[in-house]
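This report refers to the structure that appears directly beneath it.
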Amino acid sequence: MCLGIPGRIIEIYDNGITRMGKVDFNGIVKEVCLAYLPDLQVGDYTIVHVGFAITRLDEESARETLALFQSLGVLEEELNPDESHETA
Amino acid sequence: MKYLDEFRDPALARRLFEQIRRITTRHWAIMEVCGGQTHSIIRNGIDQLLPPEIELIHGPGCPVCVTPLEIIDKALAIAALPEVIFCSFGDMLRVPGSRKDLFRVKSEGGDVRVVYSPLDAVKLAQQHPDRQVVFFAIGFETTAPANAMAVYQAARLGLKNFSMLVSHVLVPPAISAIMESPNNRVQGFLAAGHVCSVMGIEEYRSLVETYRVPIVVTGFEPLDVLEGIRRAILQLEQGRAELDNAYERAVRPEGNVAAKQMLADVFTVTDRTWRGIGRIPRSGWRLSDRYAEFDAEFRFNVHDIQTSESPLCRSGEVLQGLLKPNQCPAFGKECTPRTPLGATMVSSEGACAAYYQYGRFVPTSTIGVAS
Amino acid sequence: MTVDFSNWVCPTPLRDYPAIVMGHGAGGKLSTELITHLFLPAFGGPHGPLADAALIDVGGARLAISTDSFVVRPLFFPGGNIGELAINGTINDIAMMGAQPIALTASFILEEGMPLAQLGLIAESMGRAAHNAGVILIAGDTKVVDRGHGDGVYITTTGFGLVPAGITIGPEHARPGDAIIVSGPIGLHGIAILSVREGIEFGAPVTSDTAALHGLVSTMLASGSRIHTLRDPTRGGVAAALNEIAATAQIGIEIIERDIPIPPAVQAACELLGMDPLHIANEGKLIVFVERDDAERLLAAMRTHPLGRDAALIGYATIDHPGVVVARTGIGGMRVVDTLVGEQLPRIC
Amino acid sequence: MTVDFSNWVCPTPLRDYPAIVMGHGAGGKLSTELITHLFLPAFGGPHGPLADAALIDVGGARLAISTDSFVVRPLFFPGGNIGELAINGTINDIAMMGAQPIALTASFILEEGMPLAQLGLIAESMGRAAHNAGVILIAGDTKVVDRGHGDGVYITTTGFGLVPAGITIGPEHARPGDAIIVSGPIGLHGIAILSVREGIEFGAPVTSDTAALHGLVSTMLASGSRIHTLRDPTRGGVAAALNEIAATAQIGIEIIERDIPIPPAVQAACELLGMDPLHIANEGKLIVFVERDDAERLLAAMRTHPLGRDAALIGYATIDHPGVVVARTGIGGMRVVDTLVGEQLPRIC
Amino acid sequence: MKYLDEFRDPALARRLFEQIRRITTRHWAIMEVCGGQTHSIIRNGIDQLLPPEIELIHGPGCPVCVTPLEIIDKALAIAALPEVIFCSFGDMLRVPGSRKDLFRVKSEGGDVRVVYSPLDAVKLAQQHPDRQVVFFAIGFETTAPANAMAVYQAARLGLKNFSMLVSHVLVPPAISAIMESPNNRVQGFLAAGHVCSVMGIEEYRSLVETYRVPIVVTGFEPLDVLEGIRRAILQLEQGRAELDNAYERAVRPEGNVAAKQMLADVFTVTDRTWRGIGRIPRSGWRLSDRYAEFDAEFRFNVHDIQTSESPLCRSGEVLQGLLKPNQCPAFGKECTPRTPLGATMVSSEGACAAYYQYGRFVPTSTIGVAS
Amino acid sequence: MCLGIPGRIIEIYDNGITRMGKVDFNGIVKEVCLAYLPDLQVGDYTIVHVGFAITRLDEESARETLALFQSLGVLEEELNPDESHETA
């Protein structure tokens, strides 16, 4: 459930009822409701579901997670080179 | 795409598979609660690359699958009314009610429209003041804020021709129900990342404590799913049962505060019947009394709804993780995505449909295309 | 006559639909079943008639014939309109038999109220497309239907071409071991159309890839490569085209997802709408099954042609899992690539 | 492109209609003008393309090709349905070139909600009609349009036939002095359709004359008569067919009203609705222009065939008033027999 | 057909032609008032077979032709309203208003339907209670009883969604107007048989006396028309001016009493503008006050009707017999049945259209069909 | 104007609102309103206009008129044989 896609906010405006914006998904742009993320700014990343920005995408966390993945095998391989080959 | 491609990286995926293999010493049954995760697992062939000890049980996390037959039959009856423009997310059009589906209602003259966002339905109501616009509001906690906003805007705009057929469901009561089941085999959960990005993670803490079961908040890309599995296995192997957040880039502990406020205003917790599972107490949302006038069930007096589920279908067991889709005797025979008997074959995220679409062990004869 | 439900592969086909639903026209399984179980028996047997295209021998020549109705909405879309689609689509079906197209007929069903200025634009681009392709429009027909019984204009084109001596190309000729090449980036036409319907904007415009492919086919044939099968992956996309070939030739097909050229905007739109690029329609692309040893030579030849510049090898035919198309996923897993049941729908949940 | 109004015979054509009206599809003057002034210029010049049918040379053979879309309402009418009409109509257009029809393609535009049982009946009668006529349905297509954008089913058929060596038949070959023969009673198809729409009952049922005429044409050719022109008087009736021949061959035509076989029920319905039997559509009749000296021999041959049993000589081509069709009236006067402007309408006042 | 074929007999026609030739000694101008007779004359080629001394002048007896531009423009405006089903006899669909015709309104989305009888429009109103059904009630006295019955039934059925746009015209005031015209050349009239079968013949007696002009009530088949001409010529040659009934099988002196009673109830005499002729006092019918609620002109507030007639068209003179259609400079050039400039080119019974369709002297170039 | 066609009444009935009938026109049959001709019987001829019987067709008069036409030339030819040929 809950297909959510990350995109970058490129425009913010009020459509007379609520806070709206345009979000860029790698070259395609869709209008999105920003009402639930009043603090988001142009340039921020968000995750969009059925036309709504539901959460801020924290770029710092993303980098940390990827760094963790990068480190995972490497660290243990360094610590335990033999075992790592056995379980492969 | 940025923040998608990085989490699909094959080299990193290999590392995660290796890690998981390394730490897995025995059989573990883990449920990914969310259909989006099931989709990702099958779409990427993750299950086939995991060590055989790890059994992934596909959870009831597809709102299309679990929407009760009775509500679908009501949707079909409302959509057939001449004054109604019936708006739905695309996937619901193929969900069979007792006798037909929305595609058939459309072919019989019903004005059924696919919308991308519930706000599109509000727009339609503004554009067609002479028609009744009904939005089929299904979904878990992720979709609820969008649907709530639609009602809120309709109220602010004073629209008398907008209403919603609400069938919202909630994840935590479903996890409780699974854990309470006498047949339960699930030993750890991957919680749905986007649900948590709205609701936060605190309500899962009591589940972890009550059932002493590891719950890892997990994203949807291959690396996210693998990391969720890795952390769940790690807890299981180490005998821990903790709440862990493996989707930190999208999930704050407190969730989305503004959205939760809106949800508290627009919706009220209610008992809900899950298709194929049964009634789960306090497992859904209905419109709060303040917004009762927007409830399509009250606005349209849809009588004589006779619901009848196929006796062959075992989607209830599938949804509870008691049965693999391809263990159902009807799978790929009486039941295919074209002739679905159960909700889980209907949605492309349903466990049965996902097995049928992406599974390796589908009998060739059921995929045949006429020459 | 009553519709014959007795010989279905699936036990209860069309059972749920006593009347036509949109999915019957989507080029997926419902379409196939309608043809197999309603039209073919009525037209005299399960073999032969009412395929998309056919070959007949006329005066010692082999004539390739194909017909298609075009009902596209909107009539005008980024990169083209229904008129050039109707010309190129039928030229391509002829070209996919290895034939050189000669002539087309065009039959119009006009809806009362269709602006003549728009119709003029459509007709003009048909004329231009035919002229550019070197085919002539030899006969036509015009009917008008009451407002509310049409959609501006529907166009049916039928095309004729000559198959050069020695050419035998068709889905039944695909063989295990064949290399599979796609002539360029996929999904552009379908996403260009969807973008109009779903209100998606594009940073850089995504336009339909509509084009006549017979020139590219000529280049390919001239390379001397042993081409077994050609197919333009239109309705139902690459997935439907490959499944049809797999089923017809009773071969398995394995494609490598990361080798498939998917433009970033197509990928992004598919992510957003929950669709699979392999199901998106193309109108100016072809898939070719070629003897494995000739694959590099053919690729090189294709890349000399403007419409084959970005050609890519995307997989192989195998003796495993006959009739089934599988894809090696980005992370190295396998998945079945199936044909859609009916309409392609935005997936939200 | 803007629509070219500059070369009109009448000075302000299409001026009143910036959009398609029903009359553009009625086979009368509005239809002709739409083709002449919109389609032909777009398709590359005033000569040749987009006639009802065409001849092309393929591998030493002369191939006759014709296409038509069928949008008839009601789908089922006394004596037939849209399916057999779609088969017979295109076979006849091929036969009217003196060709022997070989194969047809059929393309369907189905409206969402069309009952499959009805579609099955239509397909089955298409199969039967093709089988009876000895032609094969070789290729097809199926599209589905949203409810409210079609009318159950529209069918486009395209046909192919071979013109035997030595045969040159066409409207341009009609000559002054030619005898004009009609193969049987006129107006039955159109009145059968009208009766359903206008709520007319018949004492003895009036049924469509839909039939494939290539067998009759074979019989006629075998008689050795010098046949110049064949035409099936469909949309627009005998009047439109004769006017088209008069204009193409630049001959005058004079017909004798009392010699035209008009069934009493057709005559009565026309009186009641204020219509002219010469404007009513036929689907199983032909008009032949034959060398005057061969008229009796041809008539005799036609009368040996079930579809020519009631053939009648109805007039002659002349050098007078080229392009104009006149009728000698019952009381011995003369009147111009013109093509309808647009739709045939019940005349009340 | 019985009572049609006998009156088309060529041998008898020859005798009548002979008789007419025999009795005609000088030029006479006779007007057939009714478009149906004009149609019959041209359709059968009668005019060409008459002695050259006899000039037939085609009268203003085609209700399609004489319906005033302003009412047609109102019809077009009403037919374009989304709630309206606009019903009309077939021929009216091609009559041009100032800017368009009903065919074009239909192509633009107007719900325009051809009916055979006004009762079909009443039926439609019963079947579509949510729509406004408007019937375009044109016609001479022959059609008026049918239209009156439609209103009468709508009233009896209590239909609130039925109305009529009334443009009825009357023959006798038109004959007066023609005779009063300073340019008048008409010396005898063939009165319209079917008008008289409804109204009887008495109202023509005063015309005969006032203008000392022969009036012969005449039928529509060739022999009927010839007999009417013969009797008119006979009177003229003998210096008589009488009212004569040459259509006795259909016309009683008193007319149709039941129909006349209904007409007196439903309609009231009013002034009426005739297209191409101008205002003729007391020459039409409108709905009586009792049925005013069924008047479409009042029900629909059709504002901003700007009427403008083509300056080229001389149909007024044609209708008054001052000009033959082919003497109009626009005939067959700017003005054809496809691009009619005037009412008389519009209806297949209009004098200009009849000349165009059936006349012998039409230039070939205007009939051309593209090859 | 006023296209009127003769036909024979073959059935009379009341449709709940008014007197209606079926009229046969040489083999084709149409429903017709008979309200304005209350005396007409099955077998009578009438003239029909826009779905209404507007008048009785008097068969006797029809025969007389035709007889008149038959007699016309003949009588005068008998009276005046030479003149008749001159004017022809």
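By written order: A, B, C, D, E and F. Residues from 1 in each chain.
In the analysis below, a residue touches a chain if its C-beta (ideal position, glycine included) is under 8 Å from a C-beta of that chain, and two chains touch if they have at least 3 such contacts.
Chain-to-protein mapping (UniProt): A, F = Hydrogenase assembly chaperone hypC/hupF; B, E = Hydrogenase expression/formation protein HypD; C, D = Hydrogenase expression/formation protein HypE.
All of these numbers come straight from a predicted model, not from anything done at the bench.
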{"item": "Intersection of the contact lists for chain B and chain F", "value": "D"}
{"item": "Most widely separated chain from chain F, with each centre as the mean of CA atoms", "value": "A"}
{"item": "Centroid spacing, where centroids are CA-atom means, of chain A and chain D in whole angstrom", "value": "65"}
{"item": "Averaged-CA centre spacing for the pair chain E and chain C, given as whole angstrom", "value": "58"}
{"item": "Interchain centroid distance [CA atoms averaged], chain D/chain F, Å", "value": "36"}
{"item": "Rounded Å distance between chain B and chain E, as computed from the means of their C-alpha atoms", "value": "71"}
{"item": "For chain D, residues contacting two or more additional chains", "value": "17, 19-23, 35, 112-113, 199, 264, 267-268, 271, 274, 347-349"}
{"item": "For chain F, residues contacting two or more additional chains", "value": "1-3, 5, 25-26, 49-50"}
{"item": "Overlap residues in chain B, where contacts from two or more other chains coincide", "value": "1, 4, 35-36, 62-63, 89, 106-108, 116, 139-140, 143, 349"}
{"item": "Listing of all chain pairs that touch each other, if any do", "value": "A-B, A-C, B-C, B-D, C-D, C-E, D-E, D-F, E-F"}
{"item": "Footprint of chain B on chain D - complex, ascending", "value": "112-113, 147"}
{"item": "Touching residues on chain C, where the partner in the complex is chain B", "value": "9-13, 15-17, 19-23, 29-30, 32-33, 35-36, 198-199, 243-244, 246-248, 264, 267-268, 271, 273-274, 321-324, 326, 329-336, 338-339, 341-343, 345-349"}
{"item": "Parts of chain C lying in touch with chain A, wherever the complex brings them together", "value": "195, 199-204, 206, 264-265, 267-269, 271-272, 274, 347-349"}
{"item": "Touch list for chain A against partner chain B, complex", "value": "1-6, 8, 17-18, 25-26, 33, 35-38, 45, 47, 49-52, 54-55, 57-59, 61-62, 64-66, 69-70, 72-74, 76, 83-84, 87-88"}
{"item": "For the chain F and chain D complex, residues of the former touching the latter", "value": "1-3, 5, 22, 24-31, 48-50"}
